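Below, chain A partners chain B and then partners chain C, in two separate complexes.
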Partner chain A sequence: MADSKYITLVSDGGFEFVVLREAALVSPTIKGMLRSQFSEAQTGRCEFPEINATVLEKVVEYFYYWYRNRDKEDVPDMDIPVEMCLELLMAADYFNLDAKPALRNMA
Partner chain B sequence: MASSRPNKIRPIRKPIMNKETSEFEPCWEILKSALTDIHNKNASRLSFENLYRASYKIVLRKKGQLLYERVKAFEEEWFRDHVLPPIAELVSGNLVSIALLQMPGSSPHERRQTGERFLRGIRSTWEDHNMSMNMVADILMYLERSYTAESRQPSIFAATIGLFRDHILRNNLGGPSEQLDQPFVIFDIVNAVVLDLVNMERDGDIIDRNLLRQITSMLEALYETDDELENAKLYLTVFEPRFLSASQAFYKTECEKLLREGNASAWLRHTQRRLREEQDRCDTSLSILTADKIAKVIEQELIVAKLNDFLAMEGSGMKSMVDNDRHEDLSILYQLISRVDKNALKTILQSRVMDLGLEIEQALKSTDFSTPGAGAEAEDAAEGGEKTKVQPLSAAAQQTATAIKWVDDVLQLKDKFDNLSTTCFNQDIVLQSAVTKSFSEFINIFKRSSEFVSLFIDDSLKRGLRGKSDEDVEVVLQKAIILLRYLADRDMFERYYQKHLARRLLHSKSEIHIEKELVRRMRAELGNHFTAKFEGMFKDMELSKDLSENYRDHVRNLGDADTKNIDLGIHVLTTNNWPPDVMGRGVIQEDGGRADCTFPPAIKRLQESFFKYYLRDRSGRVLTWVASAGSADVKCVFPKVPGKESGPLSKERRYELNVSTYGMIVLDLFNDVANGESLSFEEIQAKTNIPAQDLVRTMGSLSIPPKSRVLVKEPLSKNVKTTDKFSFNAQFVSKTIKIKAPVISGTSKVEDSEERKETERKNDQTRAHVVDAAVVRIMKQRKELTHTQLTTEVIGQLAGRFKPEISMIKKRIEDLLVREYLERIDGETAAYRYLA
Partner chain C sequence: MGPQSALTDFLASHNISANQIRLDADARRRAAENEQDDANNQSNDQASVASIASAAPTPAVSADSAPTTRGRRAAAATLRDEEARKKEQKAIDKIKASKKFQKRKRGIDSEDEDDLARALMGRAAPLPGQQENCENCGTRFTVTAYSRSGPDGGLLCGPCSKELAKEDATKKKKSKKVTGGAVGKRRQLQSNILDGTYSLGAKSLMTLCIETLSKNIDLAEDLGDLPPSIVDKIARKLSKHRLLDSRTLSLFLQPTTDEVRVYDGAKLGSDDFIRIFQTVPGLKKLKVRNGIHFKDQVMDYLMSRHIELEDLYLHGANLVSEAKWKEFLQHKGHALRSLRIYFTDRHVNDELLSVFAATCPSLTRLKISHNQEVTGAGVAAIGDIKTLRHLSLDLRNELHSDVYVDLLSKIGAQLETLSLTRVRKANNTVLDAIHKHCRALVKLRITESDEMTDAGFVRLFRGWANPGLVFVDLQKCRQLDSARPRENPDGIGLCSNGFRALMEHSAKTLRDLNVHGCRHIEAAAFEDVFRADSSKVYEAMAKLEISFCEEVTDFVVGSVFRSCPDLRELNVFGCMKVRDVRVPRGRILVGVPNARGMVIEGDDDDDGDDDE
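And now, the complex of A and B:
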């Protein structure tokens, strides 16, 4: 299971997102999670009980946005609804994504 | 605090912000129990997210500092309680005494067992610690990122991994033990055990290389301080220096042992093997960071330290390697020495070349002694005032052979060293030029090298090349050029070569296209001025050939009856291009007047006719007939001998005799001598005016060798004396129609010491002029120069031709002062000014 191509992210309320492992690894937090000997690494299932589904969905969307555009230049900005900005900022911090230039645009 | 600012937009739901400080302790409890689980390898049941979130919250609460300290304290405590005790147990008194005291009586096997057990303990502790700390660092990722980075503290990973260094490696285990008076830490034991294992492996034991590699990677992962500076790895700061100094001691001892064994060949192989081993050790057991440094140690201790001693070893050293063509040894030697300093090899090679070169000369002398017959005879002849006569031919041939042997030996030596250069020395430029220099040196120490080289070429071109393939010719040409390169006194060589070439050309002894090729190469090698004369000679030969043919046509057209039986082949030689003795000028000098011999009337007419023809296009020129250099085919008729009715003597015999021009003149005299009458040597000389020396030679060739004895000499001795009488040999018989009377002047031979002196004297005269010219040229350009400067410039200008002696330059300058080309500058000790 540990080396499966996909991993599952679970949000507050039990919403599950099956995500391409490679895309999710953009987040050092998830990377560390899957690297160690902890339960997530064994099961490929990462639970985030304090992140709500809307925010996690947007985060996952970003993972794919990053994954698709990782080798490209002049990528169009990702569409961020204004009302989600603050929560997404928090999430980005949590997922350790704030060093990424693409995310800086998003923020 | 954010709540105190009402105007800040806050997220809708943020439970983590609500509970304030009270949340630290629960979060820490989660983490603390997780740390224990991690150390106990129970992490798989923990949720990373849970732990991450715990540390995340703590940091958000600005309690990062507290968390940092708690974690550090926890780890220190863990270390004290769970890690150290087993390690301390490993460090038994036995280990300490083995590792640090080199206790005698402990067998290598025992030492290895104890040592490896200890290292394994260290290794497993390290592996556990390293893994745990990585995991801790992972869950504390948020702390590392937000707090440690901002507060400029060492990362939590560095701080906790460093515990291993501080609490294990630098642990002194409660002060010095009773066995050891100086304090020590566990690190010392680790080092000592590793070094001991390395030495065991060097002595041929099998050790756990993997274990060593893991221990050294541990040292590479640890740093002197938590700042983790790249050059402050414990491996580099502590282990490596000790390793290098221990290795140095080891190899120093080994080198002395090898020196005592006294076998340079074994030393080479051993050193090569050690280099490989250490490289291998760095790859597999230690760190590649050390590879270059340990190689330096070996270079220093095994190669450089006693290099000269090994190279000078009797029976296996450099001398023996070179002499016995031990190419493998030399290859290794070269590889080893190129790592360090090639000078020692260079010096030894050079002195070896010198010695071998001088040996050749020495061998030459002993060869001379080994044929005392020829030598003694030559001496006798010289005493009798008769220099070149029939018998010394063998002595002359002997000497020529000596010259050729010398050249062959030199070439062989050259081949040998060329071979060494390609097979062993990787065609190293430095060594090549060093060897070349030595060659040039010993060749030029040998006074006769110029002459011998020219003789060698003469011999090869004259005899060797007929019927040989192009490749063989190429080899000879190349050899000739190689030798030429070494000669410093090129003007001497030029003089000899000119002489020998003249003989070859005039007597058609060699193939002209090969001669031309050789000269072309000389020109490429030494420049135009060197070969100008030779090329002039070729040109003369070609023009002469045309001239002879044209003249023949001319005569045929005239239908002139005068020349009915004589076919003239003429060489018109330009005086400057040809050596003086060929041109007959030598004779002029000796006798103080023109030594024209008297030609028979038929020949005289021919000469006049040709001269007339020659002047038609070239008025104003003077032709001098040089009889000493030519040859003639003479048809002789030996009438039937009366009284003989059978056998060859009963018939009339016609032969074609090939003799020198002088021989032809002499034979012509006998046309007028009645059968049975004779002419004395003096009579012949008076009638022909041939110089006595040449006449002796000519008469010898006609009256001594049985094959060409057309004249009978009275008395019948082997030497021609001025009192001898000669008569027509009516009984002459030969199996062949064409007979060649051996002409002594046709063979090139080594000069005897008197001739040598003469050549040197002439050469010095020429040199004097060349030096004069150089001095004037330089002064004209520079106007004023000191004596030293001038001397240096002259030597520089003449380097391509010869090495002028300082005394000669000085003499020439003085001479030029007298002749007022130069003047001394007043007030200065030795400086000159050019006078226009």
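And now, the complex of A and C:
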């Protein structure tokens, strides 16, 4: 299957999020999963059974927020709900969304 | 006249009559009311005039209503009507032009503006000094210039006005926080650049989360099982906002960890430091900045426990006495691999340094910074610590070069880091010693030497058996002569040839170079070093500081960007010949001498600095 423009992320409980591939690639973790030899690369479907749907939704929101703002200066901060801050932090660590969403990866 | 009030008396003494003021004010008020009445197109009948508020009849009105013959009266009536209509029209026009009207109009169909204008006119607010019922609570109060109007247009009494003002104030504050304003944003951006935290595009999710968390840290009871790297980031963020205190410290004290970093211990007491040792029994690495209350009793407690610190970083703990330091080294020195001590003025001295060699058999890193006590004898004693790999000294006493030469001859061979900050009197013999003894250096810092010469630097770097350096900081090694600042006949400091030799020696490995203030490096040397030539590519270079190198031009800056493909930040403060450079995308040039101060360029720069 040729690389589709979209990929599917599946959370705990089977919630599916169809995400623009380019946006999701900000996460090195997902990038790694989509490398050719893994099954995720063939199906375009990444399952995260340990991440709950609300958190994954926020992560997906971040993917798009990052994607929209990737070339901009002075980007307004995304709103992070305080109550899910710690969970989101864990997810950020899991998805490797660490400091400086590398400039060079985009080029 | 009754007894005068103190104010009246005072005014009278200044030739001001209170009575006159009152009369004037009354007259003004009356006049104003009459005008209003006219505008309101009230009937000119004396009766109706009298019925309005408390106004007294005015001479003009009473004259008008004098008894006349019927015909004259009728004629006068039409004339009056005409006049009144004209007046009304004028007033309506006036109101239509007013801001208040425009504001009201926005919500309403503009079909009948006149009606709206009339409605507004009818509600014209009472004048200051009059009594009015509060729109909100209905109490009777005196209208002043400060009375505020309520949501339906009526006036509010004092207490109600205050309430409204409070609400407004909170609203204003909130909205201010959200926007920050163009200036605030730009300022923040520039501040980020100078902090080196600038990056194009959105912040990482991690950063966003950590920022949110640190804003709401008082809600957190436990950080859960976050990985240590994240916990450390949170600790940094909290300290930056000076939020680390006894309560928040607990978040970072996990019994299973072996590392605690307190980036700002200014709010912690001795008991808090003791608590660190109580709750983290497996502690190996401890970092404390601004640890003012890290005192003798804390040291005592530390020594009474089975904690074997491998890495101790203490900043500002100048209440630990010399005797305690010695005791600590004797008890716990055997496990110590790294010791860094900053700002401990009195108690870290030569005698203490002489103890190290005997007590710390595995010490590889020693840093003593901002110290006033250590002299040549102490530095000589460092030479006996044969295990040392990293040495960093920032001493206030000026030592003779021979001390350093002797030190290098003893331990220079395995040193990976040599950092000598503010060594005014160190001369070429030190450089020669480095050349002769050092074979493993990765990081070299020698700053503010007034004695070292260009020839010395050439001798150091040319044919040096040490592999390429990664970090070099030779800032402010330059000739200082206020009488003849331009001339440098003896070639003091790092000049053209030394710079060439350095770049030749470490071309492949150099990642971070600082030649801040080395004023006598000529343009030709820069152009040579950063020539557009495939052999002159500095692949590893990430940060370059060439501030106050006077000869740096636009061309040099352009060449630097060309020959350092990985360069992220270039500092050019005080390079007055840099005027207008194109900065490649994603690179940062800091300190251009113009109003903007720094330039960042992206190719599709459509939301750059110029909108707003």
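Operating definition for what follows: the second predicted complex is superposed on the first by the 97 of 107 C-alpha atoms of A that agree within 3 Å, B and C clash if a C-alpha of one lies under 4 Å from a C-alpha of the other, contacts with A are read in each partner's own complex, and residues count from 1 in each chain.
Here is the rule we use: contacts are C-beta pairs under 8 Å (C-beta built on N, C-alpha and C of every residue); 3 or more make two chains touch, one makes a residue touch a chain.
On a predicted model such as this, the values are computed, not experimentally measured, just so you know.
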TODO: Could you figure out whether chain B or chain C reaches more residues of chain A?
DONE: C
Open item on the list: Looking at A:Cys46, would you say it contacts chain B, chain C, both, or neither? Reply first, second, both or neither.
Closed with: first
Open item on the list: In the overlaid three-chain picture, which partner chain does A:Thr29 touch, first (chain B) or second (chain C), both, or neither?
Closed with: first
TODO: Applying the touch criterion given at the start, work out whether A:Tyr65 contacts chain B, chain C, both or neither, answering first, second, both or neither.
DONE: second
Open item on the list: Contact-wise, after the overlay, does A:Phe38 reach chain B, chain C, both or neither (first, second, both, neither)?
Closed with: first
Task: Touched partner set for A:Leu86, first chain B, second chain C, both or neither - done: both
TODO: Find the residues of chain A that appear in the contact set with chain B and again in the contact set with chain C.
DONE: 86, 90
Open item on the list: For the complex, give me every residue of chain A touching chain C.
Closed with: 59, 62, 65-66, 69-75, 77-78, 80, 82, 85-86, 88-93, 95, 97-101, 103
- [ ] Enumerate the contact residues on chain B facing chain A in the complex.
- [x] 9-16, 41, 43-49, 51-53, 56, 134-135, 138-139, 141-142, 145
- [ ] Using the touch definition up top, name the residues of chain C that touch chain A in the complex.
- [x] 185-186, 189, 199-213, 216, 219-220, 223-224, 226-227, 230, 586, 600, 602, 604, 607-609
Task: Residue numbers on chain A that touch chain B, as the complex places them - done: 28-29, 32-33, 35-42, 46-50, 52, 86-87, 90, 94, 96
